[in-house]
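This is the structure I have questions about; it appears just below.
Chain nomenclature is as follows: A, B, C and D, assigned in order of appearance, with residue numbering initiated at 1 for each chain independently.
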Amino acid sequence: MNNNLKEQVLRMSGVNPLKCMRCGKCSATCPSYDEMEYHPHQIVYMVEKGEIEKLMASPSIYKCLSCFACVERCPRDVEPAKLVEAIRLAVIRQQGQNHLKAKDIPDLIEADPDLPQQALVTAFRKYTK
Amino acid sequence: MQKIGVFVCWCGSNIAATVDVQAVSDTLAKEPGVVYATNYQYMCSESGQNLIKDAIKQYGLTGVVICSCSPRMHEATFRKAVASVGLNPYMLEVANIREQCSWIHKDKALATEKAITLGRAAIAKVQLNAPLQAGESPVVKRALVIGGGIAGIQTALDIAEAGFEVDIVEKQPTIGGKMAQIDKTFPTLDCAACILTPKMVECSQNDKVHIYSYSEVTSVKGFVGNFTVSIKKKARYVAENKCTGCGECTTKCPMKNVPNEFNLGLDNRRAIYIPFAQAVPKVATIDPNYCNMLKNGKCGLCAKVCTAGAIDYKQQDQVIEERYGAIVVATGYNPIKLDKFEEFDYSLSKDVVTSLELERLMNAAGPTGGTLLRPSDGTHPHTIVFVQCVGSRDTSGCGKPYCSKICCMYTAKHAMLIREKYPDTEVYVFYIDVRTPGKNFDEFYRRAVEQYGVHYIKGMVGKVAPRADGKIMVQASDLLANEQLHIEADMVVLAAAIEPDKSARPLATMLTASMDTNDFFTEAHPKLRPVESPTAGIFLSGVCQGPKDIPETVSQASAAAAKVIGLLVTAKLTTNPCVAHCNELMCNGCSSCERVCPYGAITYVEKEFRMPDRTTQLRRVASVNPAVCQGCGACTVACPSGAMDLNGFSNSQIMAEVDAICQK
Amino acid sequence: MPEVNAYKPKIVAFCCNWCSYAGADLAGTNRLNYPADVKIIRVPCSCRVNPMFILRAFQRGADGVILCGCHPGDCHYTTGNYYARRRMTLLFSMLDYLGIEKERTRVEWVSAAEGAKFAATMNDFVSTVAALGENKRLEDLRCKE
Amino acid sequence: MVYHYYPGCTLKTKAKDLDRYGRKSMEALGITLTELENWQCCGGAFTMAKDEIATKLSSVRALADSRDGVLVTLCSACHNVIKQTNYAMANDAEFAMKANNYSKFDVPYNGETKVMHYLEVLRDVVGFDNLAKAVKNPLKGKKIAAYYGCLLLRPSKALQMDNPENPKILEDFIRAIGAEPVLYPYRNECCGGYMATEDQSVAAKKSGQVMDSAAEMGADMIITACPLCLYNLTKNAPGHQIPVYYFTELLAEALGVKD
């Protein structure tokens, strides 16, 4: 357990995981549930326990679609998506940890010329520092 | 100068642990006027009270200051004690050194210093206290019950049984409330109608009980023992004394497509209707929003078929004024609206229903005659998903922050009944926690799981998606299996949170009874006075005070009745002597006080005054009726000449307290 | 104690008997801390508080005065808190004119169920007043012992 | 009232139709959209971390530049990012202070500008009743499914656009242009979004679900306000015949200004 990391994640996200009443509605509503190793409700609980490093190492944090379904539907206003984002930033803000690299972009455009700019800038914002 | 005794309570260690009680009594002993000061472990105990009584006798005390818990707790106890040895009870003041000192401070030096200051303020006040005599007021031997659900019915019957007149005001055309809509009751599964309707009949037959159905309270005046209440009897366009309840009109009325609120809109009724077969009073009512005769002056069919001649299209709302000694609030609840929970697609699919709707769908007198059928296509559902806590325990602003308390049990009941009647139906219940405290409650829930094979899944539903083929896709989490489930269901039942009836808030304002932020009425004490409102003479029955199931509601209803009876048997009530009074020599007759008085307790009289030059002068001066004055003090501040003052909280007393607090 | 000479403001709190005084009791029952500088005077209703009492407090060296009543619409006497609100609005703006900063006076609605709000209000008020320092403007030095 | 218009990156390139028809229609309805000078890309996604300042500055600048009027957005993503940024500027004092320190405006900006999505202008300024009156070629008999996706509605606390679970703004729009709206449960579920760059199969699954749901409820076509939604629904949900359009295209058609 790394308290510094936990504090950093809580500060960045502004989320209080103690508000969670473990209903699991975030995981019930998440469209990316099946792609994730750790699911939204687990992520909230793991942050509470301080298991940030485990989460940082998990591919789950790149699967969140930022669709805000969990934020909107959480009965306790916990906002799990903000935790996922904070953890992902904790990773990609480190040097050399960009999940999507600038040199990958031409390949993406080549693979599908119809891909809208919006997809690229969004992915870049989500995956890259 | 008064001869004052100071008594500092330890309250065991509650006060003594953070306040140096010895130092407090030693310091206060030196205050001017104090002739005796001591401290003791429990002042409120019998020996503590004897200590006070003995000191009054021994030292001839004329004033008493008790440094102890909140005066809201034991002021009455101590007043009684000093009165028993002949001291006027209003010559006593309580300094609150527990709730407002020892319990909130940790530093002993600071707390002790504050306790001394609070003691000084009380001493300064007592110096200026004057003996007061409580007046008396008669009690009207009649009670009003607002709301005719099971809570109101039980309260009314209990009061009537004790021999007092009691009126029920119900805004629907019939009494019965929510319980009349319910099919079976947990944990015994006996039918709600079988146990409720006899009580409804009892209400109509008991000559002490009077039912004002289709009526509302419009104003409340007065105070405990003597309320004056206006009740509006809404025009039902049917003469209650003539209608026999034969129901002929309700089958002939041509307006057939009026949503039937008793069945929650699952079927239709006519514009003239009797809500259900066992309605009390069993009298038809015309719905003016749909009746063609009332809207356009065309039709009049019901009047033609009525052999009793009861139809009266010209009937008007009628306001009745009645006096009561006590008022019981039993306004009940409603399920919340689900417009903020559309992830469950309640408005998109007819087969997503609330639990109360399911009650009607399973009730033999309901729209399907008791056969559970899907509202959309009338087929048997084979997979049913129950969702718990829809809007309960919700702090996001969409729902209610509290637990609605009844849902766990009624869902277990529904699940069990369905599995029993239709064993081929799979039933899933998604729960956050299963809360079943109550006699035979957990056993009941376990029976649903173990005996009836209901699938209880720890998790929540996140999305409900109806398909064109009529199936409903339910996406949910199973937290124990750590997987997301996709269930193909035929029906989804939502356990919607319950909230106080919308009429409760304006009623509370009329009654000056306090409410919490959720619009539940607050009780005078959460543990020790759970069925009384802090406003004297107002009592609480049922869900208007907080979520409750039927057994609890009935217990509370009877408890409220017992309290009402206790009040009504009292011959006379002592009134609060802390009322306003006017110094006529200073009054200039300006009427400022009269205008601010919320009770109309101040009137003006012409009075002759003898002037220094021996002439007489006729002057107009204010006069307070002490039986009507409630002692708020609004007039004392409005008075420009300082003639108006309040007993027990006089200008000079409060000023003395200010001085004592600001000293040094 | 590290703060031996720390400045301690004198705060007078008028609380109506039905809501705010009960709210203060609830704060106590729940052991919610607020500074000992706050001393409560119980009045039947917020409308009982005569502007004179507040002037008297400042004259006698109070550093801040707060008046607590039932929420608007919830007054035990129906309209008392509305009177209080009007009276205090006038008084406080006059006091402001006389040099008693607006932050030293406050009206707050605290119900019997809001122990936490009572404690939070008092904590906030005390720290606000403490930041302003001692009130000398209206203090009558003849009243000092 | 000045209606500042923030087109965003995609509307200048891959989603030119969304932009072109949008401007023409607004003009036909008597409202001139004035494109903001020097607008910069919003970044496509609002970074939720409270300590992220730089990525939100382009939105802050656009907001501050629109103080004399309303800032109108059309692309769902721009709408989402700019409204969330504005909400943070108004409600997160620390963030607002830092953003102002960076931006060095003459007058500090604290969320005063009103941001409206193009649809909100139609609803609240033009009015759907008036729109219906202005329609020249009503799209009679067309059964249209509105696809909101996630960016248009959520988080509702910041966006304040419509009921996030039971929206009706697009349905009312469809009625106004003379067509019949088709309700289906997945209209506010995610299409897979930018995951198309990471794992196309996810986008395919999500978009497919949306298309299936709309199709079985009898939709002839789907409309959207989001270029990425349009891309995912058309490219990543193979096997579906239902066409997907920008709502502005149908609007222009109904108003008779489509060339």
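The definition used in the following text is that contacts are C-beta pairs under 8 Å (C-beta built on N, C-alpha and C of every residue); 3 or more make two chains touch, one makes a residue touch a chain.
Small disclaimer: the values here were computed from a predicted structure and weren't measured.
Novice: Using the mean of all protein Cα atoms as the middle point, what chain has its own Cα mean nearest that point?
Specialist: The most central chain here turns out to be B.
Novice: Between A-D and A-B, name the chain pair that shares the greater number of C-beta pairs in contact.
Specialist: A-D
Novice: Taking each chain's centre as its mean C-alpha position, how far apart are chain A and chain D in Å?
Specialist: 23
Novice: Centre to centre, by mean C-alpha position, how many angstrom separate chain A and chain C?
Specialist: Centre-to-centre distance between chain A and chain C: 47 Å.
Novice: Per the centroid of Cα atoms for each chain, what is the distance between chain B and chain C, given in Å?
Specialist: Distance between chain centres: 30 Å.
Novice: For chain D, jot down the residues that touch at least 2 other chains.
Specialist: Residues 165, 189 of chain D touch two or more partner chains.
Novice: What parts of chain A, by residue number, touch at least two of the other chains?
Specialist: Residues 69 of chain A each touch two or more of the other chains.
Novice: Which chains are in touch, pair by pair?
Specialist: Contacting pairs: A-B, A-D, B-C, B-D.
Novice: Show me the residue ranges of chain D that touch chain A in the complex, using the header's touch definition.
Specialist: Against chain A, chain D makes touches at 8-10, 13-15, 41, 43-45, 47-52, 55, 75, 77, 150, 153-156, 164-165, 189-190, 192-199, 202, 206, 226-228, 230-231, 235.
Novice: Under the stated contact criterion, what part of chain A meets chain D in this complex?
Specialist: Interface residues on chain A, with respect to chain D: 11-14, 31-32, 35, 62-63, 65-69, 71-72, 81-82, 85-86, 89, 100, 108, 112, 114-127.
Novice: Can you check the complex and tell me which residues of chain B touch chain C?
Specialist: For this pair, the touching residues of chain B are 70-72, 96, 98-101, 103-107, 109-111, 113-114, 117-118, 121, 508-509, 512, 514-517, 522, 534-535, 578, 596, 598, 630-634, 636-638, 646, 649, 651, 654-655, 657-659, 661-664.
Novice: What part of chain D is in contact with chain B in the complex they form?
Specialist: 163, 165-166, 183, 185-186, 189, 213, 216-218
Novice: Okay, in this complex, where on chain A does chain B touch?
Specialist: Touch list, chain A to chain B: 19, 21-30, 33-34, 39, 41-42, 69, 73-77.
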